[in-house]
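Read through the structure below, which is laid out as structure tokens, and then see the notes.
When the chains are written out, they are named A, B, C, D and E in that same order, and each has its own residue count from 1.
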Amino acid sequence: MHAILDHLRNLLSGDVRLILPQIQLVLFGLGILLTDFLLEKQYKSWNAVMAMLGVGFSGFSLWQLRGAIEGGDMVAFRASIITDHFFIFFGFLFLAATALVILLSVKYLEIEEEHHGEYYALMLFATVGMMFMVQGTDLIVQFIGLETMAISFYILVGFLRRDKRSNEAALKYLLLGGFSSGILAYGFSILYGLGGSTNLFSITSTLDKRAQSIAPAGDLLLLLAFVTVAAGLFFKVAAVPFHQWAPDVYEGAPTTITAYVSVASKTASFGLLLRLFQTAFWPAHASWQMPVAAIALASLTLGNFAAITQTNIKRLLAYSSISHVGYVLLGVVAQNDTGLKGVAFYLFAYTFMNVGAFAVVIILRRKGLIGDELEDLNGLSQRSPAAAVLLLIFMLSLAGIPPTAGFIGKYYIFLSLVESRHYWLALFAVLYVVPAVYYYFRIIVHAWLRKTTDPIAPVISLGQTVALTVASFVVLAAGLYPEPFIRLAQYSLFLPFGHLSGR
Amino acid sequence: MHNHILSVILFTPLVGAILALFIPRENVNAHRVWGNLFGFLGLIVSLPLLWRFHIGASGFQFKEDVAWIPSIGARYTLGIDGISFLLIMLTTVLGAIAILSSWSAIQTRVKEYYILMLLLQVGMLGVFMSLDFFLFYVFWEVMLVPMYFLIGVWGSDRRLYAAIKFFLFTLAGSVIMLLAILALYFKNGATTFDIPTLLASASQYTDAFRTIMFWGFFFAFAIKVPMFPFHTWLPDAHTEAPTAGSVILAGVLLKMGTYGFIRFSLPLMPTDHVANHHIITIMVVLSLIGIIYGALVCLMQKDMKKLIAYSSVSHLGFCTLGIFALTPHGLMGSVIQQINHGISTGALFLIVGVLYERRHTRLISEFGGLSTPMPSFATVYMIITLSSLGLPLLNGFIGEFTILRGVFEVSKPWAAWAMLGIILGAAYLLWLYQRTMFGPVTNAANEHLPDLNWREHATLLPLVALAFWIGIYPKPLFDVLQQPVKELVERVNPDYYKAERMKIPAKLPAPASSTPTTAAAPATPAVTASAAGSK
Amino acid sequence: MTGAIPMTHYLLLSLALFTIGVVGVVTRRNVIIILMSIELILNAVNINLVAFSKMAGVVDGQVFAIFIITDAAAEAAVGLGIIIAYFRNRETVLADEMDILKW
Amino acid sequence: MANHLIFYFFAGLAVVSAILVVTVRNTVHSAIFLITTLLATAGIFLQLHAQFLFIVQIILYIGGIMVLFIFVIMLVNLDVALHQIRFNRQWVVALVLALVLAAEVGFALKVGAKGVYLPSGQSGQMEPNTEMVGSVLFQNYMLPFEIASILLLVAMIGAVVMSKKKI
Amino acid sequence: MTPYFLDHIWLIPLLPLVGALVMLLFGKRLPNSFVSAICVGLVFLSFVFSVGAVWQLSQMPAEARHFEKVMFQWVPAGPMHMDSGKIVDFTAEWGYLLDPLSSVMILVVTGVGFLIHFYSIGYMGHEGGYYRFFGYMNLFMFSMLTLVLANNMLLMFVGWEGVGLCSYLLIGFYFLRKSASDAGKKAFIVNRVGDTGFLLGLFLTAATLGTIKFSELGDAITAGHFAYGAPALTAIGLLLFVGATGKSAQIPLYVWLPDAMEGPTPVSALIHAATMVTAGVYMVTRMNAVYQMAPLALEVVAVIGAVTAIYAASMGLVQNDIKRVLAYSTISQLGYMFLALGVGAFTAGIFHLMTHAFFKALLFLGSGSVIHALSGEQDMRRMGAMWVKIPTTAKTFLVGTIAIAGIPPLAGFFSKDEILGKTFKYSPALWIVGFITAGMTAFYMFRLVNMTFFGKSRVDHEVEHHIHESPSSMTVPLMILAVLSVIGGWIGWPAALGGSNRFEHWLAPVIAKHGEAMEETAAAHAGSIEYVLMFASVLIALAGIGLARRFYIQDPQIPARLAANWPRLYRLLYRKYYMDEIYDALFVNRGKDLGTTLGAFDRNVIDGLGVDGTGWLTRFTSTVSMWWDKWIVDGLVNLSAWVAQLLSYPVRMLQTGLVSSYALFIVLGALLLLGYYLKPMLR
């Protein structure tokens, strides 16, 4: 008995320690799957409690890892994962998003009459996938992590099986996601061929050496690998022209999952994107700067213009999130510390403000009202002033009006562009705030300035209250006193193999 | 000495707004009392500035400086000089009056209304106090939101359009300004957003860079002012906004643009003569177009508020004209005219509000002959009209005169063109007055309109008093402005003070009563003159 | 083992299968065929991986290919499940009749 | 030479049946041709000395996935499928674009691989390696292996959740 | 120690201001008797202080008759650049200046003003808004006194605008009548046009001379080494004269004055005859230091004055409205004064200003009395034979008429004669104009008298019963003014007739010396001509009187016959040279045509402003601006919004909902990205 414990302790102090957060999530996910059978229909919300516990434990382990890596980044499993600041930051972000969405889900699922344990289990598994995406330094770990997340999402998007929109969204997401995964895998295969290894460290060092002999700008194989990998990742983050799944999926999916996909999937994919762009593809950084900038601008343009005339809130937010991708990508384009900090802060802010925005849509859902049309918001300020105020805060933040987190995020993006002398990009970026404000304010107009024909005030459950409070608090706090949050973003900066510090 | 008077002024309305959240919305009168209480309190706490402000001291006073976002160098830095001092006083006065004026005008969503009014105050005060670009920008944007709602919720028919137009216009300008701020920030080593530091550093940069910076800031301010081609948001916003909103919008918000020009754009002007001249010419031409154009459009208006809105375009044209004359008089006149415009146009909007509250229309044709039922209203209205059209002994004249004096030094044609605006100003204002107040009462609905009540008196009479005070004894204003304006002119027009000083000659002894002259008469004065010169 | 087949040939074979897969995805109406085309793409990737693996002389690529196959299996399972759910509601498996969500 | 023959035979087979997969009208035929393609690929794996993979390909892919496919095809595919138009309206454009992409990738591969250093190691010296694959899989790639199990669990849940009428 | 009255000079304008404030703040609640007591009393007090101050001033030696009292610094000093490039502190004080010139003015203003106030008690007794009337009148007194007592141009401008405002308010006193408020507005706006000239002149003075203080102007000119006729000084002179043409109703800005007769008659007497309209004359005299250095400006002044004089007189010949005749007469007499100023006879101008104030106030008040008696009738064709019915009015009116006609020894003779005499020396051509005008003046004034007081009665019957002499509060001022009209000219008894012309000596210190020198030398040469000229002018006045008698008493058919014989001329004159019609034709009708055609014009705008003469052009540009604003500037904004919306749809159209097309976009994206990298390779 003692020996077993010792063994366990040894195990936990070794490599396994670094994946403890994931392990805990998996365990709780399995637990939910098991206990779900035992729960009567009216007690299904215990699944949510369980999932929250899992997130809590996972967060605790992650916190401990944070302390453990103060001395330096830790790698494990033959360098196939790395626990660094970057991972800690993103890990917490995923957990936060997961927790918020779990809180929002309970009531929503009850209304949808699809309250099953699988839902929460899949969320936890998706979180595991995301964590591995960011933690992985091996192409296989990254790919499998990505797929775990993606497949979980396909299912979650189609979770309302009796709803045609949900079906269609899931099928579209699956087909296109599979297609893009194929392209990504193709890119990974080329990368593997170039690097001679699946390990990111050795790929990077090989490609660094390779750059000595072949100018990266003319290295077609590398660029081919880049294009295919980038196409796969841009698909996941929904950047133009790989974005088209997003509005449909966002609209069709259960709103809670829309929030989750829009936030977590995007954040995780950006984590992976940064990981790859800053390491393996760094030698070609001069080559990918312009195309990424073009994609960013295209995303801004299309996202903003398409959103202007939408009447469905979820769809509108989908297009708006495409434009947010444009901003984040601009931070990547800047290729400097400020830009990366901006990306981190932006993603952070985006997580909370977007979940918050969707949360307001979620609380509108009730029996007989889907609540995702702009008209459904009418007169919200009279029916539920608190919800209207929160919606206002989130919209201001999404639009980038101070004093909200969204402004600081945009500020950093602009700052990085000015710093890297991309003045024209900066000009475009700031001017696109204007149409963005226009459509965000369409939402506000409906919530605040229109009369309603529907006198029923939305009922907000406890979980939703907590989620909304947390989200709005973070959005406001990061706008009013951004210092600690900027530190957080600063903290997330990783200096892979001296690339950034060498500049 | 360490004091927090500016923070107190800044946050008093905010405290009021936050506390008001806890008053139940059904308790409408409590909100009214509360809103007025804090509106008035905001004025009270700003009064100590009157005697504690140090006239003639250079630089900024009452400075407060606390770290805010150390990672980017943004600080919570407040401070005022003579220019911002006056604008802050204008803000607190008009704020209290605007809040008071809404007592009976606002019947729906009273709670939100007062909260938003108080928040608006915070934003505006913050803009005038901030000495940190980041903080400045935050306030600059923050204040858009309450204004948007004030127009959008309590406005009239086309309020949604007007509100979003207002928002988008101003936003478009300010985001470009943000870029300019960032560029300045980087140029100076990306360590601080301190406004004086950054502006001082501008002197080291090339003219090309400074020109770009100037235009970067230009749009934000030009839209806010608004200068000629960017003015179209203003009539819509003014027309649709509720009375108090219009008062604040015209009285204070527009001044943020002119303030920006004075505070930021002027120090960024290139030193090179040609580039400088280019910019000034453009600015002056736009101002002149604005003056005349605004006045002309006024003549065609059927809606009182729209008329006054366009008159603002004209009046603000004077302000920008004064600024870009780059002379002490031009600048001082400009600031004084900003204050005056706040008083006069604010009062005009209150006056329209009085009528609107009684008749729920703003169409000029609906009125006529109101002097008969509303004599005190007629008197106040007349005084304000006269103040707005620049009658001496009322405030408007002092401002316009001083501006024109400053402009005249630089270019006589500019001054002459601007005069056209004064003539037209009399035309449209008096015509408006005539159409509403004179003649027999033609519309039966107007026959028994009640005259001003005590509350309306309380909102209008302070403004009338201020109008007279500035018109008759403007010296304190000039004194307050002297020093900051001197510093500004020394910076942007360094040659100005270097010119030789002219002495008004002491009284010459009278020449003998009959100087014999045999030559042709014209020769005489020349002789006298040369004789005097040789002495 | 005389006359090793050039690496390029494997790559081109892989490319051919990849392209056929892509063509299938973008031209076919039947979602099952589209799913099959995705399998083709993944298969093409595997050829790449194995070929590179052989060239590099390490088996990493093969391992990677195993994971790709695993993924393909998982995707197919879930995909077919979703197709069934979809078919149950809509009585069709044609991609171009799948357009409730648009614009 | 045999090596060449084997490769080109399997390659040709794979390509031709792949083409048939995406062109034939009958979905069941497509599935059959997909099996052919996968078998041909398995042959290529064998030719590349990837014996373990060869087995996996046949058992897992063909044995597992394709059965699933055919099962589903039978389940949902009605006779109408035979009369349906195979290609969507954009197919010409799509085909052209796909071929252009292929040409680009081909060009990149060709130019990129020509005279370009690829890490070769002991090129082509691959011994029969099932054992090695096994040990690598469970030593170097233990973590992905574990994750893959989660992936499969997810897939299982997904398949169940999606296809069951009532859960 | 400063003498008491001089020290309290600030009370002179302040007293009426107090009255005005009391009236405007509390007047509504005060009984009429109280109102008149305060307002008239305060003006009288002001008059007393004026007399005291002037008396104390006269006690000083002639050269030292210059008293300035600065109350406070109004516009504080600030640096400014002069045209010469030097820097100077520009400032404007609130200060009062009493010197011989302003002393004449304050006496006239407070004296005549007091009489008219007193008269108003009776005249306005039955009108509504009694307190308002007196409030405005007192406010006017304040403004006018500020104007004349100002020690600098800016403060003068305060008064200048103030009187304009009061004029506006008082013309529009019967604000229920649209014509009245229209006339008020017209007066204000036309004056504004002039005022801009004044302001520009002021700026130019400051920029040229560095000071706007009257007492420093002369020295500044000397110190500035300006040549005689220096362009800057000429420009100042011309710009200021633009201001003067507005206020003093000279061509081309005279149009407001006839309309201003819409106001109550005492207003016409005080503002539009005796005081305000003479502000321009006063101002030019005040600025004589500049004008004397600007011969071109003086010439313009003279010519405009002369032309206005004859032009207005010719219109006065045929007017039928009693007040309009007097209005044109006023314009004409003001033209005389400017003629005097223009020829350098500043003292003569001021002299005429003073005498004119007496007799024109008298005439207006007399006409008011007539109108009062006739229950508001103003058309002379409905008068006649009033001599016996309202004898006091008639007699005093006759005195005034004789005075204005220039019959010695009444006041008008001396002043007019001095002007004509000086003009002759300057330019015989101008003299002829003035000379003819004198005849015309005598003619139309006696035409008025004859039509009103003599001949057959043409009064309506109902009205006739009510004819009554006015109360003594009205007749007493008439009598006092009549006396002044008789003796007022004696202080300027010319040297040629054995007098000493004390008036000229009194004013001498104020007039810049070189000008005086010129006059005196000229005077020495032309002693004999003066008698001839005097005789001629008396003669032509008598001729005019005779003609009027023949036309309107002896043979009343003649005017009709004349009108029939020269119908065009008659109509031309009667219709005031078609000036209004020209305005109408040029602006209003064309505007109306266009307005109807376009359908976009606001009819009110056209009527309202077109009549005012600001005109069609303004409206047109205004419409264009409006249009520009609506369609171009705003249009661009809305267009961009529209384009954004429009763009939104194609962008959304890409979102077909079809998986295949989405996949194709992914292919396209990859293709483009790769293509971007391959492009350089292909070259």
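Details
Simple rule for what comes next: a residue touches a chain if its C-beta (ideal position, glycine included) is under 8 Å from a C-beta of that chain, and two chains touch if they have at least 3 such contacts.
As the structure is a prediction and not an experimental result, all values here were calculated from the model.
The chains in contact with subunit B as well as with subunit D are A, E. The most distant chain from subunit D is E, comparing centres defined as mean Cα coordinates. Note on chain placement: the centre of subunit B and the centre of subunit E lie 34 Å apart, centres being C-alpha means.
Rounded to whole angstrom units, the spacing between the C-alpha centres of subunit D and subunit E is 102.
Centroid to centroid, with C-alpha atoms defining each point, subunit B and subunit C lie 68 Å apart. Between subunit C and subunit E the centroid-to-centroid distance comes to 96 Å (mean Cα coordinates, whole Å). Contact of a single residue of subunit E with at least two other chains is seen at positions 652, 655, 657-661, 663-664, 667-668, 670, 674, 677-678, 681.
Residue positions 140, 144, 147, 151, 154-155, 158, 161, 170-172, 175, 179, 183, 193, 196, 220, 223-224, 247-248, 438 of subunit A each touch two or more of the other chains. Looking at subunit B, one finds that none of its residues touch two or more other chains.
Chain pairs recorded as touching, per the definition above, are A-B, A-C, A-D, A-E, B-E, C-D, C-E, D-E. Within the complex formed with subunit A, the residues of subunit C that make contact are 14, 18, 21, 25, 31, 34-35, 38, 41-42, 44-45, 48-49, 51-52, 55-56, 58, 60-61, 63-64, 67-68, 70-71, 74-75, 78-79, 82-83, 85-86, 88-90, 95, 98, 100-103. Across the complex, subunit A meets subunit C through its residues 139-140, 143-144, 147, 151, 154-155, 158, 161-162, 164-165, 167-172, 174-175, 178-179, 181-183, 185-186, 188-190, 192-193, 196-198, 247-249, 251-252, 315. Within the complex, the subunit D residues that touch subunit A are 105, 107-109, 111-113, 116-119, 121, 139-144, 147-148, 150-151, 153-155, 157-158, 161-162, 167.
Partner subunit C is touched in their complex by these residues of subunit D: 1, 3-4, 7, 11, 14-15, 18-19, 21-22, 27, 30-31, 34, 37-38, 41, 44-45, 48-50, 52-53, 56-57, 60-61, 64-65, 68-69, 72-73, 75-77, 81, 84-91, 94-95, 97-99, 101-102, 105-106, 109-110, 113-114, 118-126, 129, 132-133, 136-137, 140-141, 144, 148, 151-152, 154-156, 158-163, 165. On subunit C, the positions that touch subunit E within their shared complex are 22, 25-29, 31, 34, 95-96, 98-103.
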